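Some structures to go through are shown next.
In the two assemblies presented below, chain A is common to both, partnered first by chain B and then by chain C.
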Partner chain A sequence: MRVRWSVHQTVVHACLLLFCFMCLLPMLLTISISLTDSAVIQTHGYQLFPAEFSWKAYAFIWMDPSSLLAGYRNSMLIVVIGTAGNMLVTSMVAYALARRDFRYRGAVSIYIFVTMIFSGGIVPLYILVVQYLDWKNMLIALIVPAFAAPFQIFMLRVFFQEIPPALLESAKIDGCSDFRVYWNIVLPLSKPALATVALMMTLHYWNETFHALLFIDRPTLYPIQLILKNITSYIEMVRSGGVDPGGQPIDPSTVPTDSIMYAMMVLTSLPVMFLFAFLQKYFVKGLTIGAVKG
Partner chain B sequence: MQTGGRRRSKKHTSLRKNGQLIAMTLPAILKIFVFAYLPMAGIILAFKDYVPVKGMFGSPWNGFENFAFFFQSADAWRILRNTIGLNALLIAAELLAGVLFALLLYEIASKKLLKAYQSVMFFPYFFSWVLVGLMMTTLLGPSTGMLTTLIRKLTGHEVSFYSEPWYWLIILPLVAVWKGTGFSSLIYYSALMSIDKELFEAAEIDGATRVQSIRHISVPFLIPMMVMLTILAIGNILRADFGLFYFVPRNISALFPVTDVLDTYVFRALTVNGDFAMSAAVGVFQSVVGFFMILGTNWLAKRVNRDYGLF
Partner chain C sequence: MRTMLLLSLVAVLLLAGCQSAEQADSDGASTPPDNASSSAAAESTGALEPVHLKYYFFGATKPGDEAVFAAINAILKKEINTTVDFIKVPNGDYTQKMSIMVNAQEEFDLAFTSPYYLNYFEHAAKGSFVDLTELLPEYAPQTYAELKPQIWDAARVNGNIYASINQQIFARQSGFSINKMLADKYRFDPASVRELADLIPFLEQVKAGEPAADTDQLYNAQMKNQVFTYFYPYYEWESIGGTDVPGIASSTEARPRVFNEYETPEFKSFILTLAEFQKKGLIAKDALTRPTFDATKYAAAPIATLMPGIEEIVKKTHDAEQYVIPLGEPILTSPNAIATMTAVSSTSRHPERALMVIEQLNTNKELFNTLVWGIEGVDYKKVGDNRVESLAGAPYSKAYGWMFGNEFNSYVSGTQPDDVWEQTKALNDSATVSTLFGFSFDPDSVKAESANCAAIVNEYRAAFNTGMYADETEQKYEEFLAKLKTAGVDKVLAEKQKQLDAFLAN
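The block that comes next holds the complex of A and B.
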């Protein structure tokens, strides 16, 4: 490939730079608006670089962080328990399916594949969870339905199949049980793939809103996305509080409504931005390998 | 998703040898049974006059009345049109953007720059639809939105994105492309990486320009994957991405003529009206048609080229 400067290369870089800028812009804008003084927003509209810097919105949220913290607690529980449990269930079945000597691999694969192309729809699931399992207003209703997703099972299976079978066979000859081969050999050898899948699960659990809307209506159990979705009622609550962060009574109309919304948007996406910053490279790597192999 | 060849040797086939492996599949099998197979039995609900106190099995049958109720309603045509039309637009837009950006990334020689571009393009993929919906109000909101303000300054017109549905024919595909291209371009890029580099060198020696090389080497190479992913997408054309269609247009009823799709309709019927039987009927329609769509598109793809099929 030619590296030297050319019109062609310039066009390529310009297109990519423009798109990358658009990918970053909304979040940069959100952060900057959350740090802008409300009065400035009223007069100048939204700006990428705040004319007058202000922490006020964050101070208002800090006054009564209970609902935000409850959202964090609920979502963290869902993410941690969900990802750990889901990883175990998904990787175990993927491992069994990757083993060529597993007698029922064909049958189990078909059993899983059928659910990819046909489903009973959302209403039977809703009735099952709410009436038969009685999981309405329980966080487990947001955790278990995402377990053993076919796509992730088949993705992990592809990775596991890359491990030389001779390695597993020699371990078995040495007396390792199937589970110990999985736990002590296959899992440690598949760290990049496991990291990719774990990241996908974490993102799913943190961002999931559909099941939360269906199954959770008690505000103390709201995961973080429902807190964000109900942001307008949250802001009303702050306004009706009637005191400023210093504890002084204030006029509700001076509460920085706009910037509080943006501050909440920033605060609820801090974990995904953290994930993005530190784990994103594994994601790209894992998906690239997976796609090539698949 | 093939199961591959089964090489069975006698000593491995006994239950004793496979016992632990079977045990390891059980949690997944149980979960899939409860959350995917049991709800399939719930399909009968679509053919019943659902009375909550009588339960799913105790309620009386009413044949195809629930289906008739939906298809004879004024909403049916609008919702089917929106679901199929917008999903077709989304499939086309995502395919084009994914391939285009994969080809662009493939032109980048510097490893560092490539990583940087790929990473940044992945950023929106990490956002929830709720967050994306709120971000869009920053751009499109009435009076204060940045784009609204810009248009007002340039043309003097007051555009109202949240009350004029037809804009959303463009906005929704753009948002989907913005959020999904990091992912889709990566898939196509991975395929491009397996092209033999010598092909390009040979083409260059023969005097082909870069653009000609892309057209005659890279693009044909991607076609099987394009066909495969499009088949999958067309098979799911009746399933709309709930988050995109619910949170980005903010569930505003003025936008329903364009943005209301089967999934948002069923969600509202279920949560607002509590109309279980009709929602179930729509869900069954979605599943059954979707099932035959997948079989049909797969059959079609195999007729075009035997290797293109999915199963």
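The block that comes next holds the complex of A and C.
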């Protein structure tokens, strides 16, 4: 009995290890390519263990640390303000929709649901943000449009509905206002769900590229993803036919093009990876919410 | 009690509304505001009032940008009392971002345009750009006089000019470059090359004679989507309305007939030769998927445009002395003449001032070179009267001259000969002018067929251009032609012919 169990365990562990390795491989490869000498990439292709180790790509990026740091700062601002604002708005809406005594919750739900499926298109959004709100070249243009996230609203609503109504009623009897019920009872009970929303929104805001590209013209306001794009853009130019952005003929192998791209990827995803490590325990719990009703 | 709930809901209704804002104006078809007349009167009388303009083009931003743009604005302020916001957009996203801005009718003044970036024909036709036919000679007289009227005809859409042409090399002549050291070693006569197949014996010798590690990519197949179009000038052919949609014509015949370039013996022999290359291992085995190529390993490579000083350029690219073999005669076609232009947006409040900026960019050497090279002593140093060198670690990265104006005003540098611009100008002037010069194709009536054909071309092209089908090439080729027929290629050809005939009749 004992032996069979451990065989079983070995197999399971082996499978999990393999799976774990498969998940980690792309990340490890990204890191190792970013540390490979570009000449080695030319001759040997991508390797997990670089034949020749080199910090050149990172050195290249750090030649201009000011724009990179500005990018981090802008992205942090967007993420912190955006996620906080989004959680407040999203959870308040979700709470209202979760309350059975709210008469229009069906109609409002449908209204929100429609925005999840249909979108007005990018040009109307652009007109609204740039011409009506005059938010061009302001980080707020990247923060506010994502405040009310329909998917997250529905997710939280299901979670809030699972809180026993009796609990809320007793709070009411004790003299809580609607807002205090929401703030002091519902929110603390929903930490896993809120952590999940926070993580989702952090990823959303951190990865914001397209809107940033549209609304931000000024390089000092670029979020980190646009800094990455900017560098990619430079590299594409270097690659196209062996001329630098100035049209000067250069030897493409002198610029560590591949490793720079991968180094940039590492630099843009590291902060999020750390965050994920801290929030992970909530994340798993949060994903299963709404799955079991009881 | 319920106020809190209601308040939060009101907030969310407003926010969710962001995603479904009004659809109005999104098609960009509405008439552009006509501001031209209002301020023109004011400006013709004496001193110019201060004006601020926005100028969009593509490129990677650098920390030195601000200092350079400030220096340029100091000049512009002095000359025409104007300041300009120079705004760079990452090059891969330029067309998309600008199209949205144009469709949203956002106010800006100047933008880079070409048939490939912010589609010039499309936007000129739908009124996104100001008609410059009258304004150019009036507000940018020297720029206008710099080019022959015939060249300006290339920029005409429905008879009007919608952008100012940035002068650079217009003539096209294709060719090959061959590694000099290897050619000499194997006693190969570069002058004997008349077509792609002539390279085979040479490349085979190199393959057999050199160490295997150096011969995995002897022929350059890096530009797998373009290679065949490189040779159009040699065949005296010319693409019509982009290179993705079949249907091209001869540049030199008096009555050109539109034909499917893929249904020609030239194309068939081209891809069969490349299949031969692939089978003999002369092209990288993984040419379709490999992320990077090593240009120093090429023993031979095609060149799209020969220009003065090309020997030095290919020497740098391949890191070895090269023989450059020209094919055919240089030819002047409209796609090349209008490859780089500056347009004035129809949302601009000061189109005439925008044209004055264009005039400055094309005629003020100091201003132009600041924009291209940066600031002397910081970004570059002068090593001759008209010759400069970029400084290592310069905070501004040198810009393409053709992005902003007359490239012939640029300082020369590096490998360019001192008289590179005189030579280029002479080449432009000596080139045979295509019969199709000034013709532009309006794809509207065959949009669906064009898109279908382009999709099929894109499906096969890269594999054909790298010889990937090897022994199956002929069979795949038949399949490809059959698919094009089904997709309606004949209708596209007929439409192109119809428009071309109408053009030639005038």
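Convention: the second predicted complex is superposed on the first by the 211 of 294 C-alpha atoms of A that agree within 3 Å, B and C clash if a C-alpha of one lies under 4 Å from a C-alpha of the other, contacts with A are read in each partner's own complex, and residues count from 1 in each chain.
Operating definition for what follows: a contact is a pair of C-beta atoms (placed from the backbone, for glycine too) under 8 Å apart; a residue touches a chain by one contact, two chains touch by 3 or more.
Worth saying up front: this structure is predicted, and the values here are computed from it rather than measured.
Asks: For A:F278, is the partner it touches chain B (first), chain C (second), both, or none of the two (neither)?
Replies: Touch status of A:F278: no partner.
Asks: Name the contact category of A:V144: first (chain B only), second (chain C only), both, or neither.
Replies: both
Asks: Touching A:Y234 in the superposition: chain B (first), chain C (second), both, neither?
Replies: After superposing on A, A:Y234 lies in contact with chain C but is clear of chain B.
Asks: Comparing chain C with chain B, which touches more residues belonging to chain A?
Replies: For chain A, the partner with the higher number of touched residues is B.
Asks: Once chain A of both complexes is superposed, is A:S67 in touch with chain B (first), chain C (second), both, or neither?
Replies: Second partner only, chain C.
Asks: Does the superposition put A:P219 against chain B (first), chain C (second), both, or neither?
Replies: second
Asks: In the overlay, answer first, second, both or neither for which of chain B and chain C A:T257 touches.
Replies: In the superposed model, A:T257 contacts chain C only, not chain B.
Asks: Touching A:F49 in the superposition: chain B (first), chain C (second), both, neither?
Replies: Touch status of A:F49: no partner.
Asks: For A:M27, decide between first (touching chain B), second (touching chain C), both and neither.
Replies: First partner only, chain B.
Asks: Between chain B and chain C, whom does A:Y182 touch in the aligned arrangement: first, second, both, or neither?
Replies: So A:Y182 meets both chain B and chain C here.
Asks: Across the two complexes, find the residues of chain A that touch chain B and also touch chain C.
Replies: Correct list for chain A: 41, 45-46, 89, 92-93, 95-96, 99, 102, 108, 111-112, 115, 118-128, 131, 144-145, 147-148, 153, 177-179, 182, 213-214, 229, 231.
Asks: Under the touch definition given earlier, write down the residues of chain B that touch chain A in their complex.
Replies: 1, 3-4, 6-9, 12-13, 17-18, 20-25, 27-29, 31-32, 34-43, 45, 55-56, 101, 104-105, 107-110, 113, 115-132, 134-135, 138-139, 144-146, 149, 178, 181-183, 186-187, 189-191, 193-194, 200, 210-211, 235, 242-243, 247, 263, 266-267, 270-271, 276, 279-280, 282-284, 286-287, 290-291, 294-295, 311
Asks: Chain B touches which residues of chain A in the complex?
Replies: Interface residues on chain A, with respect to chain B: 1-3, 8-9, 12-13, 15-16, 19-20, 22-24, 26-27, 29-30, 33, 41, 45-46, 88-90, 92-93, 95-97, 99-106, 108-113, 115-128, 131, 144-145, 147-148, 153-154, 177-179, 182, 203, 206-207, 209-210, 213-214, 225, 228-229, 231, 261-262, 265, 268-269, 272-273, 275-276, 280-281, 283-284, 287-289, 291-292.
Asks: Would you tell me which residues of chain A are touching chain C in their complex?
Replies: 41-43, 45-46, 63-64, 66-67, 89, 92-93, 95-96, 99, 102, 108, 111-112, 114-115, 118-131, 144-145, 147-148, 150, 153, 177-179, 182, 213-214, 217, 219, 222, 226, 229-234, 236-237, 241-253, 257-258
Asks: Touching chain A in the complex: which residues of chain C?
Replies: Touching chain A from chain C are residues 1-2, 4-5, 8-9, 11-13, 15-16, 18-26, 58-63, 65, 85, 87-93, 97, 100-101, 103-106, 290-292, 294-296, 312-313, 316-317, 319, 372-373, 390, 393, 397-402, 413-415.
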